[in-house]
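For clarity, chains are labelled A, B, C and D in written order, and residue numbers in each chain start from 1.
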C-alpha cells in the first residue's frame, strides 16, 4: 500500500475514534456519569484530523473548549482524554482542566481555551517565539465562526500579518455560535473574506473532506514555514450536536442536520476508501467495533483512576 | 410561580413565590413594560430565552428591544454606553461573569467615568447582569463571581443578589438608576424559590437582614447567603443565634447595617465566594477596624482558599467553594474564641 | 454669493480657527501656562470641518483625545474649548475632562475618548438608539489609523454591519500612531480596505481637501440615514506636530512634513477661493488676524474663569 | 548615573546612584543580556526609547528582541503568553496602567490560570510593566495606579516599585520568575535618584523597611513611599518617629514584616494612591484584624477620597492624590488618638 493510502486509512481511523469518543462522552454527560458540561465535535472530525495531519512533529496548535477532536488527532490517547474529562489525575491536565481544556504539550497541544478568541494571540506568540529563534516551526490555531467577531481575532491576525508570523488560522465555520446562526452575528457568509484587510490569503475549504482539509492546511503550513507569513483557512463544516450538553439545538432549520450528515466526513472518505478497495464497508464496521472497544476500555481505566488531592492541585497554581 | 400557601414563613401580602430565575425575568419584563427606553442585549439573549433561560418570553414580547449581539463583550458594553447617552436604558447580559474582564476597558474607563469627564453632560444608565458563581463543574475560566472586580471604581455601583426578592429588587433599582450598575446573579440560585414583591425597588446601598440573631453576625452575598442561612440553622440547634445579612451592594457598602449588627453581636464572619484579598469582605473588615467598631473577638472570613484556583473535579470544587459547614465552623470558633 | 460658496467660506474660516487655536494651545502647553499634555491636529483641519459639515443638526459624533478640531467644527466656542483645556469651570466639561475630553452634547459631540478605540462602539450604540426609535439620525466616529488595530475597531464595524446601524466610521489616517508609521503596525497602506470583511463600503478620501471630505462624508451620511447601513471613510491626511506635547516627531523622514504642507488644507481651499475671487489673499490675511484676535480674547476670558471646587467636582461622579 | 559621592546616607559598596528610570532600563538591559529568552514588547517600545524613555538604547542593543506592537493590549498580552509557553521570557510594557483593563481577559483568565489548567505542563514567565500613577494632569483615563486590580487572582503576582532599587530588583525578580508578575512603576518617580545594586534580585513577597521608627508604622507603595518618607521627616521634627515600609508586593503581601512593625509601634497608617475599597490597604488591615494583631488605636488609611475620580484641574488633582501632609496628619492623629 502506498504511504499516501496508509495515511488516508490512518485518517479514517482517527476520525472514527473521535466520533466514537464524542458519542461516548455525550452519553456519559447526558446520563450524569460526568458532571458539568461538554462541547462536542461530531461532524467536524475531518477538520481536526486533516489540519493536524499537516503539522510537523515540532509544530504546535491552540484550540478551544470544543477541542477533543484536535487533542485526539494529535495523538492524546482516549484514556488520557477521558480521564481529563472525568477530572482524574491521569488526565492530560491531571484533571484540573476538564472537558474544555485538553492540553498536551508533548504533542504540540499548547492550549484549549474556554474564552472565545483567547487562543489566537497565544498561537501568534508561539509562532513569534519560533521566528525569533530561527526555528522552522509553525503554530496553528483553531477558532469558531462566532469567534471571528471578537476583538482578539482581529488583533491576532493583524499582528501575525505585520510580523509575518508563521501561523495558520483555522476558522471552523460550523454555522453557529451558541444558538446564533452566522448571519445573525456576522455580516458575511464566507469567513475567508476576513483575511482581506491583513493582506493574507483567505481560503475556503470543504471541511467535510479530510483530504481537502489536509491539502489546504499543508499548503498554508508550508507557506508559513517558508517565511511567507500567515494564512486563514475557512473550514465549512457542521456540528451535529447542540452547542453544549444542555442545548437540544432546536434553532436549526428542518433538514439541515440531515443534509450535512449526507456529507459526513466518515462517509466522504469511507466511500472513497471502499470504492478504491482500500477499506471495504465490512472492514469499516470491524474498525468501528475495534475503536468502540478501545474507547470503552479507556472509559473503564479512566474511571478507576484517582483524583488529585487538594494539596496536589494547589501545587500547580505557581511554579513553586 | 407558586401560590402564597407554598411559602414557608412570613410574606408580604402582595408577594408571590417565584424562582430566582423567574424573579430576574420578571424584573426585566416589568422594566421593559414600564419604559420603552429599556433594552436587553447580549449573546443569544433573544434565542431560546438566553443560555441560562433568564429571558424567557422577553424576545417574543418586546421584539427588537431584545438584541442578540455578536461575541464581543468590550464592544457591546460600549454600544450600551452609546445607547444610554442617547436616552436608552440598556441591560447587558454577561453570560458568565468570567467575561467581565473581556470588557475591562468599558467597565473601568468608560461607563463609570463618562459622566464625570463630560462634566455632568451625559448620563450612563446601563445595567450589567453578570451570571456568576462556581459549582457548575465548568472549570477555572467559567466559575467566577467577580463581585469585587470593579467595586473600587467610583462612578460604578455593584450589587449581588442572594435571594429571589433581591434579584428582582436590585435589577429594578439598577435599571432605574441614572448611573451604571453591575448586578451579579448566581447560577446555582436560579432554581431557588422565594417571595417576590413585583414593583418593589431596592434602595441603593442598603443591605438586608435575612435572619435576625444576637450572637454572631454573618455577612454574605450570592450563594453564600443561602449557605449562611443553612449554617444559622445548624448553629441554632447548638444554641447559637446567628444574624445573617445579605449585603446586596458591595458598592456602596452598607457599613451602617453591618456595624449596628456587629454592635449587637460583637462577632463578625464574612462569607464570600471569592478570595479574601481585595474583596468586599476585606473592605468591610478594614472599614470596621478603622471605624473602631468594637468586637469581642477578631473577625473571621470564609472565602475561597488563598492561592487556589477553581478546579474541575467535583470533589475539589466543592471543597474550594465555601460551604455551610465552613461558615458554621467559623461562627462556632468565633463564639468559642 | 451662492449658498455653496458661503458654506465654503465658512469652512475656510472654521479651519483657520482650528489652526490658530491649536497653534495657541501648543504655545500655552510648551510654555507651561497649561500643565500636562495635549494632542494637536494642525494639518487635519479639513477632515474635522468637512466631515462635521456633512452632519445634520440632530446627528452626533464621537472622537478622540485629538479632538479639538471636531469640537470647534461643531461650534464649540474657542472660549469654552480653551477653558476646558485650562481646567476651568466655564469649560465644556466644567474643566473636569481637560484637553483629551472636549465634549459638547448640545452640539452633538457626545464623547472625546482618551482610550484608543473606545469611541467606536459608543457611536454604534448611539446609532442603534436612533434606529430603534425610528429617528432619522446618524452617528459619526473619528478614529486614528493606529486605532484600526485594536479589537474594538473590529467589534464595532462588525456590529454596525450586522445591525445595519446608521453610523459612519471616519479613519483619520495621519500616517502615524504615536511614534509608529502605519506600516510598522498595520499590514496594509489603504485602511479603506478594512471595510471589506463587513461588506461595507470603504472609501479613500483626500483629507487635505475639505470639499472632498465633505462630499464623501455627505454621501456616507445620506446612505446611513436612508437605512442602507454603515460606511468607512479613510481620510488621508497628516499631523504637523508630534503625537503629544512631549514628542518632537524626530521619526519622520526628511521632507515629509514639507511635502504635506505644500497641500495644507488651508492652502488647498484658500487657493481655490482666491482664484475664484471669493476670498483674495489679503482677505485671508485679514481673516487670520480676526481669528487670532478671537482666540486671544478666548484665552484671556478662559484664563480668568474659576475652577470648580472639590465639592462641585464630586457632584459629577454620580447622578446623585 | 552618578558617583557614590552624590548619595545621601548609607549605601552598599557595590551600589551606584541612578534614576528610577535608569534603574528600570538597567534591569531590562541586564536581563536581556543575561538570557536570550528575554524579550521586550509593547507600543512604541523600540521607538525613541519608548514613550516614557524607559527603554533607551535597548532596541539598538538587542535588535529584534525589542518589539513594537500594534495598539492591542489584550492581543499582545496573549502573544506574550504564547511566547512564554514556548520558552521565552517576555516583558510587556503597558504605556499607562489605565490600559491594563483593556487586557482584562489575558490578565485574569489567561496568564494566571494557564499553568493550572494545563496541570502544570506549561509555565508562563511573563512580566507586565505597568506605567502608573497620577499627577501628570492627564485626566481621569490616564492616571490610574491599578495596583490592586489583579492582586486577588491566584496565579498572578503583583509588585509596585517605590524606589530606584525596588524598580531594579523587582523587575529582575519578575523576569526570573516562572509565573506572571505585574510590576507597577510610577511615572512621577522616573526622575528620582537612589542607590541601586546591579544584579540584586528582590525576594518575592518581601517588603522593605525604608525608614526604621518606633512610634507609628506607615505602609506605602509607589509615589506614596516618597511621600511617607517626607511625612516621616516632618513628624521627626515634631518628635514622632515613624517607620516607613515600602510594601513592594501586593500579592503576595508581606504580612509578617508589617505585623512585626505594628507589633513594635502599635499604630498603622496605609498610604496608597488608589481608593480604599478592594485595595491592598484594606486587605492588609483586614488580615491584621483577623490575625488579632493588637493596635493601640484603630488603623487609618490615606487613600484616594471615596467616590471621587481623578480630575483634570491641577489643584483638584493635587488635592485628590494623597499628600505627605495628609500622611503626616494621619500619623499625628493616630499618635494623639
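What we mean here is this: a contact is a pair of C-beta atoms (placed from the backbone, for glycine too) under 8 Å apart; a residue touches a chain by one contact, two chains touch by 3 or more.
The structure presented is a predicted model; accordingly, all values stated were derived computationally and were not measured.
*Asks:* Report which interface contains more C-beta contacts, comparing B-C against A-B.
*Replies:* So, comparing the two chain pairs, more contacts are at B-C.
*Asks:* Find the chain most remote from subunit A, comparing centres computed as mean CA coordinates.
*Replies:* Looking at centroid distances, C is the chain farthest away.
*Asks:* Could you give the separation in Å between the centres of subunit A and subunit C, each centre being the mean of its C-alpha atoms?
*Replies:* That pair's centroid distance is 46 Å.
*Asks:* Can you check how far apart subunit B and subunit C are, centre to centre, with Cα atoms defining each centre and the answer in Å?
*Replies:* About 41 Å separates the centre of subunit B from that of subunit C.
*Asks:* Using Cα averages as centroids, what's the distance between subunit A and subunit B in whole Å?
*Replies:* Centres of subunit A and subunit B (C-alpha means) sit 37 Å apart.
*Asks:* Just the number, please: Cα centre separation of subunit B and subunit D in whole Å.
*Replies:* 32
*Asks:* Would you pick out the residues of subunit D that each touch at least 2 other chains?
*Replies:* Residues 69-70, 72, 74-75, 98-99, 102, 105, 109, 116-117, 139-141, 154-155, 307-309, 311.
*Asks:* Touching at least two other chains at once: which residues of subunit A meet that condition?
*Replies:* In subunit A, residues 95-97, 101, 113-115, 149-152, 155, 158, 162, 184-186, 317-318 touch at least two other chains, as defined above.
*Asks:* Once you draw an edge for every pair of touching chains, what topology comes out, line, ring, star, complete or other?
*Replies:* Complete.
*Asks:* Which residues of subunit C touch subunit A once you look at their complex with the stated criterion?
*Replies:* The contact residues of subunit C facing subunit A are 149-155, 158, 161-162, 184-188, 193-194, 196-200.
*Asks:* Enumerate the contact residues on subunit D facing subunit A in the complex.
*Replies:* Spelled out, the residues of subunit D in touch with subunit A are 39, 64-65, 67, 69-70, 72, 74-88, 90, 105-106, 109-110, 114-123, 154-155, 177-179.
*Asks:* Using the touch definition from the top, list the residues of subunit D that touch subunit B in their complex.
*Replies:* 74, 98-105, 107-109, 112-113, 116-117, 139-141, 144, 148-149, 151-155, 251-253, 274-283, 285-292, 297-301, 306-309, 311
*Asks:* Show me the residue ranges of subunit A that touch subunit B in the complex, using the header's touch definition.
*Replies:* Answer in residue numbers: 35-37, 87-88, 95-101, 113-117, 146-147, 149-151, 177-180, 184-186, 250-251, 307-308, 310, 313-314, 317-318.
*Asks:* Which bits of subunit D are touching subunit C when the two form their complex?
*Replies:* These residues of subunit D touch subunit C: 43-44, 47-48, 51, 68-75, 98-99, 102, 136-142, 305, 307-309, 311-316, 319-320.
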